[in-house]
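Quick heads-up: structures coming right below.
Look at the two complexes coming up: subunit A is in both, with subunit B in one and subunit C in the other.
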Partner chain A sequence: MSLVGLEFAFFFPLVFLAHWLGPRRAAWQNAVLLLASVVFYATWNLGLLGVLAAATAVSFGAGLALDVLGTPAPEAAPTTPGRRRRKAVLVAAIVAELGLLGVFKYSGFFAESFNALLVGLGLPDALPVLRLVLPLGISYTTLIQVGYLLEVYWGRAPACRDPLAYAIFVGFFPQLIAGPIVRARVMLPQYLVPRRLTSAGAASGAGAFLLGFVMKAFVADWLSPRVVDPVFADPASFGAVALWIALLGYATQLFCDFAGYSLMAIGTGRLFGLELPENFRYPFLSKSLAEFWRRWHISLNTWLFDYLFAPLTTGRSWFRGRAGAGFLVVFLVSGLWHGATWTYVLWGLAHGVALAGHHAYDEWYKRNCRRDRRWVAWRKATPYALASWFVTQVFFVLTLVPFRAPSIGAAADFAKGLLGLGGAEGLGQRFGLQAGACVLFFAGYHLLEVGAGPAWKGRFLALPAPVRGVVYGLVLAFLLVYVPVGASTFIYAQF
Partner chain B sequence: MPAGGWTWGKVLLTGMCALATLAAVDVALHRVAPPKPLLEVDEAMAQYEAGDPTVLALGSSHARSFIAMGRALSERTGGTERIQAVPVEWGKYTPYAWVLAHRILPILEERDASGALRRPSLRHVLLVTEWWDSTALDPGTGSITMALPARAWQWKDFLADVREHGLTPYNQNFLQRVWREAWSFSTLVQDRGYENITKGLKEAIRGKDEAAERASYDNRMRGWQSMVEDGASHLFDPAQVQSLDDIVGTFRRLGVDVTIVLYPRMPGTLTQKAKDTTLRQFSDRMQGFARERGVRFVDMTFTNPLTDADFEVDFDHVKPEGNRRLAEWALDGDLAFLAGRVGGCAGPGPRAEGANAAAATGSATGGEP
Partner chain C sequence: MTRAEKRQMLIDWLDDHYHFGEAESKIGSDDTSFLDKGILDSLGFVALVVYLEDTFKITIDRRSLNRENFNSVNQILAFIEARAGVVR
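After this line comes the complex of A and B, so read on.
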């Protein structure tokens, strides 16, 4: 089941009614959501539900064990038995969680890579290559659970003692396919108390869901088969302009697909009285790569920075104080998290190197600012902002070539094509009213956040309710006419 | 005041206005692309339960042509002979067999407290078919999602399939059907996938583009021609043949006279190559099959009163006027036995009396046992 599929139109009202018409108790509400999540998961693969259940039981039990063992006083020596036992529980639980992810997601990749190395050395294959079905959302649920364990270990969040609340914290169905990657401190307190449906929550939930649906079902699903897929499938048949259009189309598709999904998940959460974390904040307005990653897939990037980058660069290892090396590690991990292929490794490496480079440049620039205040003025000037925005966006878009390509070779061919000749031949038939509407929507979505945009938004929201209702009705009618039949699955569901 | 100024009153008012706007747009678009209600298996079975027909026309969407024939037959016989069409959209023999086993037989074999059949009148079955029904997949697409028993499912069938396979594009067709049925009055819902609204609006704004229409017509015609020509290499998938055999065997066991009817094809879509290969092979083998099983065989593929103008824009289905002419023509000719004028097989007695297994008294166009 998918949030954008027709089946959700049957599923959601049943869950919604059961959730709100039952007793207003957290246990009832959590039980309804857990049952709904189990059904949601089972429609993908009932057999793999056991994997998620086992992983959840391990992290729940480990959280309780960490709690029982207590948080030692800060002044206690690291080698005290209490600390050692807690660390052992933490390490064992994280190894179990990551081990599960490793077996399902990475064993094939590492075995293939190792075998390729052996073959390169003239030796026979040594490792069997497992082809396992990836449990739905395992990349997301694993990070949620590891984050929880670290928070409990560090004493930043209490261990959850309610198995129902914990299970729904890990596997709440809107976040199951593609996040957001929720945090214990934000979500668990919400699951432990009865929720109430407010008028504001219902309105903003429905609004977020509708906006997300437009992004996914109209923009992303229209662009994919008409502009993106045909060109990426056979780049040699298209000219350079067509390749650039397809690449920009893919950037738009990827954003609308994933941000659209996140908004639909957030909207669904609000309709159950829950506030899931924001996952995208207008990333295409970013004027630096660091800013971009604070705006794109926020829940993953904050997770990586809080639980990987920060401990790495502030701990006692070689990485201490070496932010550049930290960026490299974080984005290599991010690349591998997206998928067990060399194209994702290349993508992660490119971003890691670029962030390290940008960090070094930023430090150098700040030193100049301290020496000469004119550097501060230059940075605030419009040309600098425009150049920064342009370089950031072009770099991000270019790195989508390996991200989208099926192999390093195909990525290289596509990249060569971008520098070649030729126009948009072959794409001409694919444009029309919908293409214009997609571009307008994408541009408008971002521009409403800059300059006078927020004021315009405010004016619309201040219109009388009937007028807004008419606008929403027209949007729905437009969607019914123009949303392609058979909306596809979400890109980020595969990760 | 709640955050964002939303009170429940405003939420309700906004929602009502949105729905009212949607309804107004829908009504306005009725003129551009009016919804066309189509008979589906569910409704057909309800009609069967209520009507106790004497003739059953089982087939794909083409079986809907027999609604007009049913009217003509009723008129001719004063209502004593009644046809019930059971169209399985996008069906093939395997889906027909499923519909027979799961939807038709329970009704056919239902008995009252005394043990007598509740609906004993059925004497003839028309198996409405064409070459496509015998192929495993939709030639050219390789998509199994198009063979749709889901169009005939009930909720219990859907849930059983989801339990076994999870949610798949195949079983999601059931939800599509339920959704469309629930909104059968809505142009916006019924037009999804057909794009008649956008075409109609374009025409209303820009006028008809004759050249583009002609090009589109020619293009689709070439597509149809090559599809029928290519069909020869896909004919008679073993699973479909087995299902066909099961269907005929089941009706014969019930003592019902069976007629295999090859449905008319739009003349323009048939090249000489298609006639010599796909259609010839299909017709010959079906005729042989009918002979072996002792059932009637009527081939209307080329022999019919229809012209290209009688077919819908999809080049596949016959327009209402064409259906009326086809009905009169068939009832005057190869299917005259339905009115009891020619041939005859089961005799006048009801099915319960076990008449007819020996059926198959031959056909107007061949198929002597």
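After this line comes the complex of A and C, so read on.
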């Protein structure tokens, strides 16, 4: 089942009614959501439900053990047996969680890469290559649980003592497919109290869901088969114009697919009285890569920042104060997290190097600012902002070539074609009115955040509910006419 | 070192690294939220932690390594003073 599938249109009202018509108690609401999540998961793969259940049981138990073993001592305090035991519990639980992810997601990749190395040295294959089905959402649920364990270990969040609340914190069905990667301090307190459905919460949830649905079903799913897939399937045949259009189309598709999914998950959460974290904040307005990653897949990037980058660059190791090296590590991890292929490693490496390069440039620029205040004025000028925006966006879009390409070779073909060194085929008549509508929607969505945009948005949201209802109804009618039922799955579900 | 001297060092660091002579005017009040006013982004926060540890000889443990604990001039000064004297 998917949030855009027809089954969900029948599944959701049943869960909604059971959730709100039953007793207004947290235990009832959590039980309904857990049962719904189990059903949701089982429609993908019933057999692998046990993997998620086992992982959840391990992290829940480890959280309790950390709690029983006492509060964390300051890091400067002498090592005690209690402290050593807490660390042992943390390490064991994290190894178990990451080990499970490693077996399902990375064992094939590492075995293949190792075998290729042996073959390159003239030796025979040594490792069997496992082709395992990836449990739904395992990349997301693993990070949720590792984050929880670290928060409890560091004493930033209390251990959860309610297994029902904890299970739904890890496996709430809207976030199962592709996040957002929720945090214990934000979500667990919500699951421990009864939720109330307000008209404002319901309207905001329905609005977010509808907007996400339009992004996914109208924009992303239209662009994919017409503009993106044919070109990426055979980049060597297409000319530069077609390749650039396909690449820009893919950037739009990826954003609308993933941000659309996130909005649908957030909207569904609100309809159950829960506030999931924001995942996208107009990334295509960013004027630097660092800003881009603060606006794109926010829940993953803040996770990587809080649990990898910050401890690494503020700890006592060689990485202390070395932001550039920290970027390289974080984005190599991010690349591997997205998928166990060399194309994702290349993508992560490109972003790590670019962020490290930009950081070095920024430090150089700041030294100039200290010497001469004209540099400060230049940085604030519109041409500098426009150039920064342009370079940032072009770089991000170009790195989507390895991100989307099936192999390094295909990525190289695509890159050559972008420079006019490929084929000559054009996109022909794949364009129509809807292509224009997609571009307008994408641009309009971002422009509503600049200049007078927020004021216009505020005016719309302040309109009487019946007027907004008519608008939402018209959008729904439009979708029913123009969008085929049963949209595709989400891109980020594969990660 | 007095509180006023520590405060000046913090403002000087913000000026040197992010605001180039405008830190005082941008911050306005010592209770202004750095997050809300965009005084310091997440990378700046990490750099600030290293600066505070190295300059004031304090340890910021993982429990406290949280942007909400360093969100205003007053919060940062209170943190430094609470940690002063704690041996690394």
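By definition in this document, the second predicted complex is superposed on the first by the 478 of 495 C-alpha atoms of A that agree within 3 Å, B and C clash if a C-alpha of one lies under 4 Å from a C-alpha of the other, contacts with A are read in each partner's own complex, and residues count from 1 in each chain.
To be clear about the criterion, contacts are C-beta pairs under 8 Å (C-beta built on N, C-alpha and C of every residue); 3 or more make two chains touch, one makes a residue touch a chain.
Owing to the predicted nature of the structure, the values given are computational and were not obtained by experimental measurement.
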Item to check | Room on subunit A for both subunit B and subunit C (clash or fit) | outcome: fit
Checklist entry - Does the superposition put A:S407 against subunit B (first), subunit C (second), both, or neither? => result neither
Next on the checklist: Once chain A of both complexes is superposed, is A:T198 in touch with subunit B (first), subunit C (second), both, or neither?
Outcome noted: first
Next on the checklist: Quick check on the superposed pair: does A:T80 touch subunit B, subunit C, both, or neither? Answer first, second, both or neither.
Outcome noted: neither
Next on the checklist: Contact-wise, after the overlay, does A:F10 reach subunit B, subunit C, both or neither (first, second, both, neither)?
Outcome noted: first
Item to check | Which superposed partner A:N45 touches (first subunit B, second subunit C, both, neither) | outcome: first
Item to check | C-alpha centroid angle, subunit C to subunit B via subunit A, nearest 10° | outcome: 160
Checklist outcome for this item: The chain contacting more residues of subunit A, comparing subunit B with subunit C, is B
Next on the checklist: So in the superposed three-chain picture, is A:R468 touching just subunit B, just subunit C, both, or none of them (first/second/both/neither)?
Outcome noted: first
Checklist entry - Between subunit B and subunit C, what is the shortest CA distance in the superposition, whole Å? => result 20
Next on the checklist: Per the definitions at the top, what is the overlap between the subunit A residues touching subunit B and those touching subunit C?
Outcome noted: none
Item to check | Complex interface listing, subunit C residues touching subunit A | outcome: 16-17, 20-21, 41-43, 45-47, 49-50, 53, 59-63, 65-66, 86-88
Checklist entry - Along subunit B, where are the residues that touch subunit A in the complex? => result 2-8, 10-11, 13-22, 24-26, 162-163, 166-167, 169, 172, 175-176, 178-179, 188-189, 191-193, 197-198
Checklist outcome for this item: Per the touch rule, the subunit A residues reaching subunit B in their complex are 1, 5-7, 9-10, 42-46, 198-200, 202-204, 461-462, 465-470, 472-474, 476-477, 480-482, 485-486
Checklist entry - In their shared complex, at which residues does subunit A touch subunit C? => result 72, 74-76, 154-156, 290, 294, 302, 305, 309-311, 313-314, 320-321, 323, 359, 366, 369-370, 373, 376
